[in-house]
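There are two complexes below, and they share chain A, which is joined by chain B in the first and by chain C in the second.
Let's look at the complex of A and B:
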């Protein structure tokens, strides 16, 4: 009996050791990735969070000021965070309700195996491959009030009254940023959705067709429900991408005129590097992280609810 | 001889600069009474061209041990100063083969965040371009910049101490000044002739009449880049200075006087009146400075107010150089201001990183390099010399010589507002200037806003 017990204990110990060894192996294999993840993502966020409670000019030691930066973010007129956030949300709105439907439409059409599918796929995806700086410069030329093609075309078709200083007029400047932003990433979302559309089983399509469904009905009742997880991902990318938008704004309007196209990322840069307000800059970056997470969770929840 | 006289008077004028620039800010310029250029003999001495060419300047016993130095600056391919940097660096590389020198140039606006990020990360290059006064002051206060007092002793005969006022903090020198510039009123004389003017009008009334006449001829008087707010300040600050006087403006910029100043509000309204009368190209609000400058050179605008560093580009353009003239903006309120009150001063500066592993030799190198950049920059017409000119300067273009004449008759200089103020104040100020140009606020809104946000 005693022998049995000791054998049992030894076996248990052996299993335990093997389990520990296995856990250790897994940990060691994961360690480089964990270190990278913590060092590149978690640590900077933690430092930003710490700095967001400080008044810090980037050069001298920071001074702890509690939540003053967060209060100023929303209530100080000179920070301009609320208008910047509003602009980012406007871009997000157009991304979700204009860009994504258009991408979906293109993906559905290309998914029907029309002639020249590959050609159109490449053409639509091309703006994604072009550098944003090039796209910004391209659109600046289009908008140029003197020689830009937009004003020229409007003039040529007798719509001179519609001619504008597109990037300099506070009424049109944000629109001048929204259009190229949407145009640039239509191809990106189209490609994501196209991959989903191509993944829909041909059996499902054929079954629906046999039941008398038209192409649009197949798309509406078969394809779209199947690719819903991809649409959800696209919505998350579109919204968080809009919140983080920076490059086209900086190139096309430089966040002007008079902050009319300011977005949180351009504001963040101004605070950090032009105003030497590293504490406030850190606060904006923390708010951006929080907002991106919040929107991602909310979008996931909305899609879940609809699915259920 | 004429050039010597102009330069000597210029140095005397810059002495006056020290009366105003950075007076109460972080910078502490050399007190005017002690400035060497204040007395006549000193002026003559300063005016005398240095005998030896730059290459033979004292090398201050630099070690011949090979080292590497790197530099950041804003002399990009399209910058007026590019040639002077290239020529100066070529000379330095020939004179100091033991130094492996590398340099990078960045666009003006993107350079500001870059250099500040480098300071914050303690990752400065050995030598870096900076603007003097408050901009450099932040770096000095953080202990990131090497004091150049020791190395300056080897160059004090060639670099008048008064020129170091804007880069002097707590009595210590931290910068190597390059050239000095003012805001100039450039005019396309071909367009002015079309409106019946052979010269740039000297009085404000005549100037406004000239603008009206230009408009009547279908010529846009001004171009101003709204996408780069510093370009708007070139106009606005000149108008404010010629309305309330240099002393009052400087008091507001650096000495803590309130922005709540009726004179400033009135000057802003004057500026906006010019916008309302469509003296300015409405498209300018969405253009960069390069685009506006190109338009001016292409004959789209009659006037262009900007830094005199543009003289180099204008003079280098064969089609344009004979059309352009430069003058001082006319006086608006003669009871408070007068001709000779200018916006500008020595601001372009080289500094040395305190953390450079070869800081001493970098300081020596920066001094030599700064002298050469100043030399070539002056010859190219990129600005007036902060260092005593040497060699044959007769080839300096007529436009820069005209600027020298203006400066020789100068009474007071007020440094560019965004350079004179601290980084945070400068951005708030620029925000309000942008709102003025966009007609989002008027003069009253401008002074109330700034009084509330800055003081």
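Let's look at the complex of A and C:
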């Protein structure tokens, strides 16, 4: 009896040890990822959140000022956040209503097995791979008022009164950023949607065809409903990507002329380097996270409602 | 099959087909042209670019543009920096992701689901979120403008996607293999090292491609965190170069080509694989 008991104890101990060992192993396997993820993303966000309630120059201890930063963000003219957000939303608007429909059109067309389908796909995707800095520099050359191709073409076809200092004119500067942004990522969204179009079973397609549907009707009533989740993902990427836009703005217009093409991220950078407003910079970071998540949730909700 | 053929032919209007082809070709041209333009003007002199020969092939192929981009423009250095930062970041991200994914998909425990969801938060969080605290911390530690200043954040930012892609590959490996290894006396680590890591080879390429493009092209962190010429990566180097050579287009063109050709060459050989890695990254997320 006593013997039996001690055996059981030993066995229990063994199981406990094994459990502990397993837990330790799991912890060790996760450790590098958790260190990176928490150290670089989660902890800084927590710090940003904390600092966003402070007036802080980055060196002196911060002074707690409640939600003043958030209020200033939206109601103080000197911060320029509202115009910056508006610019980002304009980029988002064109992404969703110009870029994505065109991407969808290309994906649907390529999904119809035209000759050269792979070639077109490969070419259309190419700009996605190129650094936005390179793309920005190239477009700067295209926009160049004296030697740029755009003004030359306009001159050659007799529209020289349309010639413009594209990047320097407050009226066209934002457009000069929007066009390359949209152009570069059409291929990206097209690729995602194309993968979805290819995933539509050919039985479904054939059945619709046999019922007398035209290609367009098949796309409209069979393919698009099936790839809806991908379209949703694309919309989310397009909107959050626009909110985060930075590279092309920095390169093409450098947020000018006179802050006309400022976006939240360039503003954030200015708060650090030009204005020493680290508290306000943190507030902009936090606001960007909130906006990205809010838009992602809202878009998901809209798609759900439409689906029912 | 025959039936389908007949119906398809009946329904597709030849005029529409021609119009579609015209659209596809025009769009292809719009996508190729900037790259063609970049290659050609990187070999031209200002006289050709500005007047005599704007969009044709160069009359005289000026390799000297490349020489000045490499020497005066320091592009060689920036190239090496980019290779270094990118390679190490990919390696760290891949190693950390494989280990984490192993713990999340092949070991049964209570917290796997929630930990995975936690990592997936990283897919939505903008990079900008952490830039202020990291910048302040690094400047207090006098750790700005090092390679590690970029490597550590890049590894972290590619981590979520790496875990996502890794998960897709790892769940496809039969679980019997783990059990067989266990019976043969392998512990968790041995199973991971001898069974899982070798079988994940296809995932390396997908993750590597994705992380490569993220790190190679990253501009915001590099621009904010690197202030000395010695540690600049290509995107920041190009920005600096274009500031220095405002009137001389040829060397800038050469710099753009230097920054772009590795990507394009890899793309020519691996276009299918690269496209698949983008699809894998987005469709599952």
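Criterion: the second predicted complex is superposed on the first by the 268 of 308 C-alpha atoms of A that agree within 3 Å, B and C clash if a C-alpha of one lies under 4 Å from a C-alpha of the other, contacts with A are read in each partner's own complex, and residues count from 1 in each chain.
As a working rule, a contact is a pair of C-beta atoms (placed from the backbone, for glycine too) under 8 Å apart; a residue touches a chain by one contact, two chains touch by 3 or more.
What you see is a predicted model; the values in this text were computed from it and never measured.
Novice: After aligning the two structures on chain A, examine chain B and chain C and state clash or fit.
Specialist: clash
Novice: Of the partners chain B and chain C, which touch A:170 in the superposed model: first, second, both, neither?
Specialist: In the superposition, A:170 contacts chain B only.
Novice: Just to be sure I read the superposition right, which of the two partners does A:272 touch: chain B = first, chain C = second, or both, or neither?
Specialist: It touches chain B and chain C both.
Novice: Check whether A:122 is in contact with chain B, with chain C, with both or with neither, and answer first, second, both or neither.
Specialist: second
Novice: Have a look at where A:232 lands relative to chain B and chain C in the superposition and call it first, second, both or neither.
Specialist: Neither chain B nor chain C is touched by A:232.
Novice: Contact-wise, after the overlay, does A:257 reach chain B, chain C, both or neither (first, second, both, neither)?
Specialist: Once the two structures are laid over each other on A, A:257 reaches chain B alone.
Novice: Should A:152 be classified as contacting the first partner (chain B), the second (chain C), both, or neither?
Specialist: A:152 sits against chain C, while chain B stays out of touch.
Novice: Name the chain, either chain B or chain C, that contacts more residues of chain A.
Specialist: Touched residues of chain A are more numerous for C.
Novice: Overlap of the chain B and chain C footprints on chain A, residue-wise?
Specialist: Residues common to the chain A contacts of chain C and of chain B are 58, 146, 269, 272-273, 278, listed in rising order.
Novice: Write out the stretch or stretches of chain A touching chain C in their complex.
Specialist: 22-23, 25-26, 29-34, 36-37, 39-41, 43-45, 47-48, 51, 58, 106, 109-110, 114, 116, 119-135, 137-142, 146-147, 149, 152, 183, 187-188, 191-192, 195-196, 206, 209-210, 214-215, 230, 233, 237, 240, 243-244, 246-247, 250-251, 264-265, 268-269, 272-273, 278, 281-282, 284-286, 288-289, 292-293, 296
Novice: Could you pull out which chain C residues touch chain A in their complex?
Specialist: My answer: residues 3-4, 7-8, 11-12, 17, 20-21, 23-24, 27-28, 30-32, 34-35, 37-38, 41, 49-50, 54-55, 92, 95-97, 99-100, 102-104, 107, 109, 115, 118-119, 122, 124-136, 139, 152-153, 155-157, 159-160, 163, 187-189, 192, 213, 216-217, 219-220, 223-224, 234-235, 238-239, 242, 249, 252, 256, 259-260, 263-264, 267, 271, 274-275, 278-279, 282-283, 285.
Novice: Give every residue of chain A touching chain B within the complex, in rising order.
Specialist: 57-60, 77-78, 143, 145-146, 165-170, 173, 253-254, 256-259, 269-270, 272-278
Novice: For chain B, which residues are in contact with chain A within the complex?
Specialist: Touch list, chain B to chain A: 112-114, 116-117, 119-120, 138-139, 141-142, 144, 226-229, 282-287, 422-424, 427-428, 431, 434-435, 437-438, 440, 453.
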